[in-house]
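Look at the two complexes coming up: subunit A is in both, with subunit B in one and subunit C in the other.
Let's look at the complex of A and B:
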């Protein structure tokens, strides 16, 4: 299987491991080299600070003509992430370009944690709180981070590989 | 499993396959409208427990009856088929009459399971059992009876 893995995926993977993005780790599962366990640290000075969020990422057979599939496994209170961890991000949908990479996708998700966008929500309940009472939303996001994303509190934490 | 032009075998991981299944159940496009399925808990990150319904096929003893079914996708899914349990009582050779569980080797869809198949295919397979001439003669329990 690994012999036939597209060169582009091999190269991207090598670079992700040799030269990781600060605050992000991405490691392929040994039995499926298109499937990655991802951990993203919550950016400092946000409600997600000190949290480590587990995600999973898969490169479908059409990749890079189609975007990677990626979602949160750790519960997160964020207007652009739904209850199953699916992410509303333009580059994962119509704004995808084959010039983008796994690295750019993960950076964009990290940036989304710094800049929630309640005007383009995936979870309407969360977005409504965000728009009507932002301080309450930020407080809830902080509480969820503490409950699910700190020191392996998230249910997904056991399943993904984390490299430090 | 898909094979690319380079001969690579691409395996869609369990969770992403189940997310696709959830999406197609929500769209229900091209699907048989007498079959439906969705997550028991819409916040179930690991998409394990599903609730399905089958409306019995016309001109059979199951005609217009509403069958409630529990579907469990274990960690081994889709290498292994989902576990299926009827809640509504039904008399079929592939259903254990004590607890309502599907007997895997008596239902072609689970017996001949492969990882390209999904929950929908198993429901279609069950509905086919309801239409089989041999099964039309089986006496059926009352409409509201449930397996315990």
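Let's look at the complex of A and C:
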């Protein structure tokens, strides 16, 4: 596996492990080094605080010419994340640049948790609540975090989004 | 010809008056950037040119004087381009066409060819818009098109170095317009190994690195992969930006040539495709597998392509005088939406809405009962008959189709039905002429055979003598086409118009109908009864009539003199 893994991916992986981003962990699966298990801590003083959100990240064969594919596995109440955990983030689409890295992508996702953008929504229902009644939205986000992203708070692993 | 003669004389005058001062200045032109480019175009410094940049010269296309090859946009002054508008060119000459347009921009704004291309694409090849935007705020304009660094770097380089050492980024010579030599990346300030942010190789020599004018360096392999990837993604590659995240500088053919030379022909193809697609003055021939392109200066007109397809250069549809493109597109969309209604009206059978059995209407009653499934429905609106009770206003609302006079009923349903009737009235006639046009086209194919027969029948007739029949049939096709569109046109005339325009138009239309039927009858005669003089005369009359009608509409349908 590792022999035809591009040097760039090897280097990125080494750095992610040796010098992790605070609040983010990303670990490649041993049987597929292009597939990462990711955990992002909810930023303090947000509705996601104290939660730990699991994501999956996959580097397609065109990477870095094509962006990595990232998805939330933990359920999250957020206007830019849909029910399947897909994320609306410009750098994962048209704003992707091969000079960006896994690290930058994960940082951007973390930033998205701090600053939801209901004007560019992926889940219209959530975005509508966010725009019309922000306090209710924040409350719901907090409840979802407690239910799904905090150890012992939720109903366990069954809760994770099922990969379809 | 007389026009260009006078232009030449004008030019000659300015030559005489300006030459002394300019010629002595020419050898030391280095200080003036804008002047320099002209020099590079010709071996001889051009003495005619007034300072460029913003030439308000009323005649930028003036032909060269004497043996000097200079002109601001050489190919525009060639007489061939001005003879026809619109004109058709093969796709092989698109590159020349594009460069002609670009050269004017290159001259005017003193920018490299690559920048001019990106700017024009950004402004959809609308030169006026680009120029307006550029002079309004050059910085913003260049930024928007992603060529700010490309243009500014050129300027910096011109300011900094002697012109003899700097290879000119643009040499718009007529023989090889794209011989522009790209400047090599700036020499490294230190010999330290460099890192490529894409492949993370950190042991690269400066010569293994490459950057666009924005100076974001990546290794050549990554550049090649990046560009190849973008070009493989398709036509959108012409909008690809620098690989550096957030950098707005746009990729050009210069980078492709340098870093992915095997892809340059594909890139060029996409560039030309974008030139034709975005440009409102160009259009691909809609003929199947045809690669000809119509180019227009005026932006309007009909062309006939060598493949046999005729089309409107503005919208690509079949020529459609007297209807304007916008109304035609509305009409075609309406016909599409109403096609089921119209077909049902035109046909005498409808499908049972429940079991799809064909049912023929052979009596006046609109209450239909399907023999197959016993479903009861209304012939007009195809809704279940049980809905046609008192609570929905009774089934009379569906009788409006036949009851055309009841305009007192202002209910929405009644209005909609009246509108539908109105549409169907025009559509039925449009449809009839459309069918007749198809028939006439077939007749045209058969005419050639008939021409042979006619020729054989008389020992003294030549091919030329029987040409009249072909002309007549071609005229017939044309008449049917125009008649067809007169009904589209009439549909969009204001029905409440009181100025009499509509009546006058309908009168013209009726006359054209009559003459067309006459011609149709005459030209379809059997060969032994063919009245040649009659056909020739009627063809002429009808031809004039079609032209008059179209002109009448063009002139706004005012009362004729």
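Operating definition for what follows: the second predicted complex is superposed on the first by the 151 of 164 C-alpha atoms of A that agree within 3 Å, B and C clash if a C-alpha of one lies under 4 Å from a C-alpha of the other, contacts with A are read in each partner's own complex, and residues count from 1 in each chain.
Here is the rule we use: contacts are C-beta pairs under 8 Å (C-beta built on N, C-alpha and C of every residue); 3 or more make two chains touch, one makes a residue touch a chain.
Computed from a predicted model, the values in this text were never measured in an experiment.
*Asks:* Please indicate which partner A:136 is in contact with in the superposed arrangement: first for subunit B, second for subunit C, both, or neither.
*Replies:* Once the two structures are laid over each other on A, A:136 reaches no partner at all.
*Asks:* According to the stated criteria, A:84 is in contact with first (subunit B), second (subunit C), both, or neither; which is it?
*Replies:* first
*Asks:* Which partner chains sit in contact with A:73 here, subunit B, subunit C, both or neither? Use first/second/both/neither.
*Replies:* The answer is first: A:73 touches subunit B but not subunit C.
*Asks:* Examine A:93 and indicate which partner it touches, taking first as subunit B and second as subunit C; both and neither are also allowed.
*Replies:* A:93 sits against neither subunit B nor subunit C.
*Asks:* Going by the contact rule stated at the top, is it subunit B or subunit C that touches a larger number of residues on subunit A?
*Replies:* Touching more residues of subunit A than the other partner does is B.
*Asks:* Does subunit B (first) or subunit C (second) touch A:35, or do both, or does neither?
*Replies:* Touch partner of A:35: subunit B, not subunit C.
*Asks:* Once the structures are superposed on A, label A:65 by its partner contacts, choosing first (subunit B), second (subunit C), both or neither.
*Replies:* In the superposition, A:65 contacts subunit C only.
*Asks:* Who does A:104 touch here: subunit B (first), subunit C (second), both, or neither?
*Replies:* In the superposed model, A:104 contacts subunit C only, not subunit B.
*Asks:* After superposition on the shared chain, which partner residues are touched by A:6: those of subunit B (first), subunit C (second), both, or neither?
*Replies:* Touch partners of A:6: subunit B and subunit C.
*Asks:* Show which residues of subunit A both subunit B and subunit C reach, each in its own complex.
*Replies:* In subunit A, positions 6 sit in both the subunit B and subunit C interfaces.
*Asks:* State the interface residues of subunit A toward subunit C in the complex, per the touch definition above.
*Replies:* It is residues 6-8, 11-12, 62, 64-66, 91, 95, 97-100, 104 of subunit A that touch subunit C.
*Asks:* In their complex, what parts of subunit C are in touch with subunit A?
*Replies:* 197-201, 216, 218, 222, 225-226, 229, 241, 243-247
*Asks:* Mind listing the subunit A positions that touch subunit B in their complex?
*Replies:* 1, 4-6, 32, 34-35, 56, 58, 60-61, 69, 71, 73, 75, 83-86, 155-156
*Asks:* What residues of subunit B sit close enough to touch subunit A in their complex?
*Replies:* 2, 4, 6-13, 15-16, 19, 22, 42-47
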